[in-house]
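In what follows, subunit A forms one complex with subunit B and a second complex with subunit C.
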Partner chain A sequence: MSAAAIAGAARAQNGGLRRFASQEALLALAVIGLAVVVGFINPRFLATRNLSDLLLGNAYIAIAAIGMSMVIISGNIDISVGALIGVLATISGSLAVAGAPILVSWLVPLVLGVAVMAAQGAVVAYLRIPAIVVTLGMLSILKGGLISVTGGKWITDLPQNFHLADLSFLNVPMPVVIMVLATALAAVWMRYSASGRAIYATGGNAEAARLCGVNPQRTVVMVFALHGFFAGIATLVYATQLRVIQSTTPPGLELTVITASVVGGVSILGGVGTVVGSTLAAILIAEITSALVFINVSPYWTDALRGGLILATVIADILRRQRRAARGWSK
Partner chain B sequence: MKARLLTSTAATIVALAFAASGANAAGKWDGADDLPTSPLACDASGAAAPEAAKPYDGGQPTNPPDKAGKEITLVDVPKLIGIGYFNATSKGMQDAAKELGNVKVTTDGPTEAKIDEQIKFIDNYITRGVDGILFAANDPVAIAPVLKKALSKGIHVVGYDANSTPDAREWFVNQAQFNGIGKAMMDSMAKEIGEDGSFAIVTSTFTTPNQARWIAEMQAYAAKCHPKMNWLETVEAQEDNNLSFNQATTLINKYGDKLKGLFGMTSVATPASAEAVTKAGLCGKVAVVGLATPNAMKPYVNAGCVKSVVLWNPVDLGYAATYVMRAVVDGKLKPGATSVEAGKLGKLNVVNGSEILLGPPFIYNKSNVDQFDF
Partner chain C sequence: MSLAAEAPARAIPWWLKRHETLLAIILVIALAGLGAANERFLTVDNLLNQGRLMTEIGLIALPMTFVIITGGIDLSVGAVVGLCAIMLGYSWKNFGFPLPVAIVFALAVGGVAGFVNGLVITRIKVPPLIMTIATLALYRGLAEGISQAHSVRGYPEWFYVLGQGDLFGVPTQLIVLMILMLVAGVALDRTIFGRTLYAIGANETAARFSALSVDRVKLVVYTLSGLASGLAAIVLVSRVTTTRMDMGMGYELDVIAAVVLGGTSIFGGSGTIWGTAIGLAMIQLLKNGLALTGVKGDATIVVIGVALILSVLIASSLQRRRD
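Moving on, here comes the complex of A and B:
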């Protein structure tokens, strides 16, 4: 059993690696293709200003999707991330308004994000409670807690230097810089480091991973902690972009983030996917939303299109798995 | 397979684009509902079109003691206490009480907007004994039994801000009607961008009831009073800060110089639209008019980027509620009356059977926005 499992895992990884590239290429093609089609209908869409605004306004989704992709690749899921970002944004903004040093108000969401997510990861890994249950519980706690504590009052009067998202580096807005850097670092780490590969092994086949010397429990805790870190970074971009922090959780954010991961080629069954894919998918989704306005399509279609995209990706993933499995057996 | 997916996606989008370009030509602004509208007069009087007077539908207290002209003790039970908005209504009540001289009013209520807590507070004050109860209901139906209990004990009941079912109170002070908001929004926009300006709307969703009513009234009023103004489109932004910002930015990038104004239909969409205009460096070139609370708009109003924030004045609302209560106790506001005197606010009209209309909406601007904290 074990030898076969390891061989199977190895094969899945090999085929998988080739496939990552193709999924990313497909997404990159879609991003460019859509821009060309929409630009043909309404050339204003291609204005540098619009393309840069598009990335700027949605970078936090791509950043959050990096951690989400890791969690899903490890064979888990997290539906508390939207609520967590809402809570962290409120805490960060409150600290800034209360006069805490700006660095502190930027660091606290990172630390708290790691703590909350690592705790959830520990419950998932060591108590063996399915992640969807644990994170559903956390979602309710965070959502309810936030409203109870703030009473729905918004945070206003944020200090000027709190607005990290307003900064830029070499003329590139900070959210975009962070998105690109985070994606690149995470992608390289996941592909080449032992602990990065352990995420794929754990999600692909936890038993096989254990036999190969990977500690699946520790890996899951690590993955959730990292996810919390990226959620913290996403919070910084999200909270510092506007002058007001809504002290309610952003509606449906967790689903948008999960959608970016899944459309990005991260297999909902675990073990497969890259963060380059999820970042490209986040850009594609943002591009679709904006494109619909540019070509006068009713926004009622946004959700339908997004849903179609998810279904198409998941069905394609399952079909490929089945084909590969059939090939494996015939050998 | 991949190529097929890509081409079919592209084809779908192109097909949708052509399908939709026809739909936009329809007469109704996106996001407006189909209910009948009643645009106000174009001039400052804002007179309503004559409508069939609705008979009084409020409740009446059982054998209230005659306290006409005598000192009365009132309790005000808002949705919750400790927030800027209800601090402001409470201030208005104190202002009115001071002016009248024969009214004592205390504000007391739950610290969270919870209906069961609110009922307990009202019940306690019925037991303790007061002459009148002012309330802003957390739930129009659930609050009715305890208010009816108060009426049955001879206590006067007047609502403000958030109504109960009509038969559970005598009068309700209505802060704003849909057609009043529609007029204030369109008039403010016309003043800022001119009678031939083009504008777009950022709303929550096309089917949110209040926003759909406001947009329908705005369209009806624009057709009557600002016929040359040009509606470009309406976009949805949920009640989501960042999505509102992105959608407003998309509109700015899509229309360029053509876009002269943005309407924010929610307290989320308005500051986010103002932020989008600020970030695009178009303050003074693209006007933002919308419904919002003063605190969220202060940075933009003080920076001169936003000139008109449309809402009502909660201080006036509390003030009016107190005057209405005094008039009820004094027998000056009886079922069937068409107006009531409310101190510095002048004569307020009775609408909708048993509601008192506060008057036209209040426009927050640079000169007054800092006086409010909610």
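Moving on, here comes the complex of A and C:
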């Protein structure tokens, strides 16, 4: 791919970059503001124990949202990721219980995640089938396959050294370390590398990207493969936290992940967004869910709130784009 | 050379090459095969019972055919079923509405849910896929929040006629489905409304320049989708005698699979209600056939998922060859 194409893509993004910063600043502000307000109503919310549980328990959503953000930025969607994480967690746990080396039980989910998602990406990119059809089909294949193979049996007696999430690095729990590291690496890679910029170019305008020397098809396959990789890492963080792995797919997980990406500022029209935003949004959503309990709102309202949040962000994003487009035309 | 190659193709009558005809032939073969494999399958009782079971999906598949023909999609249908079922039970039990009023209220909620989808899609131009993913979360969340996971049961006896009763020996809801299917089929084939759907799906910009009321038609189509989901919810509650917040979960898969299997292009612009009817029968047949051979319910959704992907794959590769 030519250097000029990359420079062009980077320039095209430059105007929007200030807005990314503001979207992320806004989210960070919301995370802190919400903590202050809820802490004021119920000081127990700010207990270190609660805040660290909140981060630990939701790090995997932030990690999965990194890959989802890439998929959405490239102009696609994936609703199979929740089911995939459920399947990979079961496979990983079963391997560990069956006595496979721990490293194998950690690595297999990564490999399988990449394989399943890359295959979906190839069908989307080369056979031109809409991502929603492919991933809706895959969702049911994974979900139905998991229950019919395992019969819904739970995995217990996991070996002690399986629990990667229990480790910590410099007193920071491993899930948080992985979340921060994955977000930082993905953010830098997407911002500065040629293949990272190619994701934005493909999502912004696939035809223009092609003319600039980007191969949109290969980019889409790469994006899905990476999404599978992050789903694998999310699985590790998720599964190694559990003492019992239920062989079912976590209900509504794909919606939580998509919400984190969209609320994090990833435009559903493709071409715009950052993973720093999606990680902050994942934390914000977890915080909101936890806050509901502390201000005595029934947890059954969580899903409605999440739905309202995604709807409001999507509408705001589109209105903002239209206003900017209108300004652009009038010049 | 090319003439010689075309000659045999021309010898095949046009109606035989139609997607619906091919599907119908496959359907008959599948019916015969399943009948030969299991004597319980080809009985009037079993077939009528399958008709009863497929009605909820069928009711939603009719407007979904319209939606997909316009090039859109509605993923929120399952959530609307859940919301309407809850609103039926909740308004009857907690608001003290008489049941007929509660039924109308639940239908209205479905209509409003669909109208909101259509309004945001046409006015704010949010892509249908994203809009209905968002409302999938929102409507299901509302069903959970309003019901607080309480189920409602103990409906009066007359209410069960719709979901469990028979009319002239045929399940009541199947007759409702047949009538609505006929209406939808004729509307699609023979009315300006129906032809507008094809025009929008084939080329929306051209449809606008042809002075067709694109936005209004789309708004109607998404509202119909919500209304049909509401009706499906009522039939479902009547059939299973209870209201739960997780009702209709995963319906979007069955509905979209039936429509796409029936030959409606996922890219919009083509498709028929008759195709959807056959697609619907095939999905139900698949479920029943697998169940009779001892496959559990969870494995059937694997098969439906595969069928969905394969039918789109085959349809689009045929399309490319024709082009």
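By our rule, the second predicted complex is superposed on the first by the 318 of 331 C-alpha atoms of A that agree within 3 Å, B and C clash if a C-alpha of one lies under 4 Å from a C-alpha of the other, contacts with A are read in each partner's own complex, and residues count from 1 in each chain.
As a convention for this text, a residue touches a chain if its C-beta (ideal position, glycine included) is under 8 Å from a C-beta of that chain, and two chains touch if they have at least 3 such contacts.
Just so it is clear, the structure is predicted and the values come from calculations on it, not from any experiment.
Legend: residue contacts after superposition of the two complexes on their common chain; A:285 is shown touching neither subunit B nor subunit C. In the overlay built on the shared chain, the residue A:178 is in contact with neither subunit B nor subunit C.
Touch criterion met: A:243 reaches subunit B, while subunit C stays clear of it. By the touch criterion defined above, A:296 reaches subunit B but does not reach subunit C. By the document's definition of touching, neither partner reaches A:199: not subunit B, not subunit C.
In the superposition on chain A, contact is made by A:322 with subunit C only, not with subunit B. After overlaying the two complexes on the shared chain, residue contacts for A:148 are found with subunit B and with subunit C alike.
Legend: residue contacts after superposition of the two complexes on their common chain; A:60 is shown touching subunit B, with no touch to subunit C. Contacts of A:70 after superposition on the shared chain: neither subunit B nor subunit C is touched.
Across the two superposed structures, the residue set of subunit A contacted by subunit B and also by subunit C is 148, 252, 298, 300-301, 305. Subunit B meets subunit A in the complex at residues 1-2, 5-6, 9-10, 12-14, 16-17, 20-21, 23-24, 30, 80, 82-83, 111-113, 206, 233, 235-236, 238-242, 245-247, 249-251, 253-254, 256, 268, 271-272, 275, 280, 293, 295-296, 298-300. The touching residues of subunit A, counted against subunit C in their complex, run 77, 79, 123, 127-130, 132-134, 136-141, 143-145, 147-148, 252, 255, 258-259, 262, 268-269, 298, 300-308, 310-311, 314-315, 318-319, 322.
Subunit A contributes residues 22, 26, 29-30, 33-34, 37-38, 41-42, 44-45, 47, 49-50, 53-54, 57-58, 60, 148, 151-154, 156-157, 238, 241-246, 248, 250-252, 286, 289-291, 293-301, 305, 312, 316 to its touches with subunit B in the complex.
Listing the residues of subunit C that touch subunit A in their complex gives 73, 75, 120, 124-127, 129-131, 133-142, 144-145, 147-149, 250, 252-253, 256, 260, 266-267, 296, 298-302, 304-306, 308-309, 312-313, 316-317.
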